[in-house]
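Supplied in structure tokens, the structure appears directly below.
Chain lettering (A, B, C and D) follows the sequence in which the chains are written, and residue indices restart at 1 in each chain.
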Amino acid sequence: MIGKVGEFMRRRDRLFDLLGAELVKVSEGHAKVEMEVKEEHLNAADVCHGGVIFTLADLAFAVASNSHGKISLALEVSITYMKTASAGERIFAEAKEVNSGRRTATYLIEVRNSKNELLALAKGTVFRLDRELPL
Amino acid sequence: MIGKVGEFMRRRDRLFDLLGAELVKVSEGHAKVEMEVKEEHLNAADVCHGGVIFTLADLAFAVASNSHGKISLALEVSITYMKTASAGERIFAEAKEVNSGRRTATYLIEVRNSKNELLALAKGTVFRLDRELPL
Amino acid sequence: MIGKVGEFMRRRDRLFDLLGAELVKVSEGHAKVEMEVKEEHLNAADVCHGGVIFTLADLAFAVASNSHGKISLALEVSITYMKTASAGERIFAEAKEVNSGRRTATYLIEVRNSKNELLALAKGTVFRLDRELPL
Amino acid sequence: MIGKVGEFMRRRDRLFDLLGAELVKVSEGHAKVEMEVKEEHLNAADVCHGGVIFTLADLAFAVASNSHGKISLALEVSITYMKTASAGERIFAEAKEVNSGRRTATYLIEVRNSKNELLALAKGTVFRLDRELPL
């Protein structure tokens, strides 16, 4: 379900462990990650921290953008926050490729709760190196 | 040095502990946060994760935008990555208010390493509620 | 096909005329605008100016975000450029609402050429006033 | 005051004429552009169109990012709107390089009115080609 690139990314990207996130699906140009919001992820307003939501989106973005096997580095990400999440909720980030050029590629990443409500929408662009992932 | 709002944010925002970050300076419309990049913060390329850099910036942004005592919620953040950081390096995020309107306010947040090189630049906008922080 | 809000926006927004753009479709939370790239729209590299592509997207965004009849003001827009357009090409911008909250709403705007290739993708957020459009 | 690159950009970028904008200053990594807001630049709310403000910023950004003599193409721009401008006002956009890497470079662009109030702040990133501008 997550393939060789997925296994590589899951093993090497330490933020999966720091957040307690799980890589649930990978295909070419696409990835889905999920986690449970815990007490340790809350901000001063007692809802899931914007940095946690961003990082979950970023994990999906990194896997999707490396899914073709070429090393891809994030240049820029813009995120819009729409709805909060509370401790105990499961949240999901799904990244989809919207464009893949010779040097750069762009992704949309949606973060949703288990009712499928949109919590945040991110748009990110990577620079593609000529080097293969060391799988 | 960090005042009442700073103490409140430091105590209540759990991401300071999750990242091992420290709030070093707060004044009206301004905040500075620092941390050491550790093994647990690395991505698949063995450099500091974009989500960690974003979250450090977001901590400074949250403190700066709440520094006037009104609850402020992030609407949108855009981040551009420029340079990587390795395990063992200390990194800093500094947020400055560039505009404060009746309902929204905008901040620039620079993330730098200890040589003062720019690692990332973020621009973020908050929505200001009419409610005071429950200090 | 463009309704009362569409007619109002088409008549009042002077950028339709400055660009030679046409409002082709409006429904709740959605709008489509098109134009022909002319010599006067070219940048120093002899392709359609990024400002023209942004403005076409912005016209669709403005109509879509005002389509419910409440005055909506752009807070923030982020645009990613993917492909260029040349003089003589027809280009299209289509805005779709991805979230509509109590105070803010967010839109994705795609700009495409007549082969349906993506030229640019924008994400924009508006602040909704309590005032109705003076139709 | 605007040098060879400035003269080249001013002559070749047709948007200076479409907006009635003037290139007032160019140095390495820096450019300033100004214009008068006219009736033809207004949106449905009778204030200067977001697309016009963006395009003015984009003109400064394009000149600043090409100022080193290498062709630079915009990858991404994010703009935050803060204050409106009315017909008859003069507005200014000033772009400054905040980072210049091997392949990409990032700029902040401020748009201000003649009272020096900030109307909008943009952050933009270009991809640098290996080709020189055909001065």
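The criterion applied here is as follows: a contact is a pair of C-beta atoms (placed from the backbone, for glycine too) under 8 Å apart; a residue touches a chain by one contact, two chains touch by 3 or more.
Note that the structure is predicted; figures quoted are calculated from it, not measured.
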| item | value |
| --- | --- |
| Most distant chain from chain A by Cα centroid | D |
| Self-contact between copies chain A and chain B, residue sets same or different by half | same |
| Centre-of-Cα separation between chain C and chain A, whole angstrom | 28 |
| Inter-centroid spacing, chain B versus chain A (mean Cα positions, whole Å) | 20 |
| Geometric centre distance via CA averages, chain D-chain A, whole Å | 33 |
| Junction residues of chain B - those touching two or more other chains | 75-76, 78, 80, 125 |
| Chain A residues within the chain C interface of the complex | 78, 80, 82-83, 98-99, 101, 106, 108, 118, 121, 123, 125 |
| Chain D to chain C touching residues, read off their complex | 8-9, 12-15, 17-18, 39-46, 49-52, 54-56, 58-59, 62, 66, 71, 73-81, 133 |
| Complex interface listing, chain A residues touching chain D | 75-76, 78, 103-104, 125, 127 |
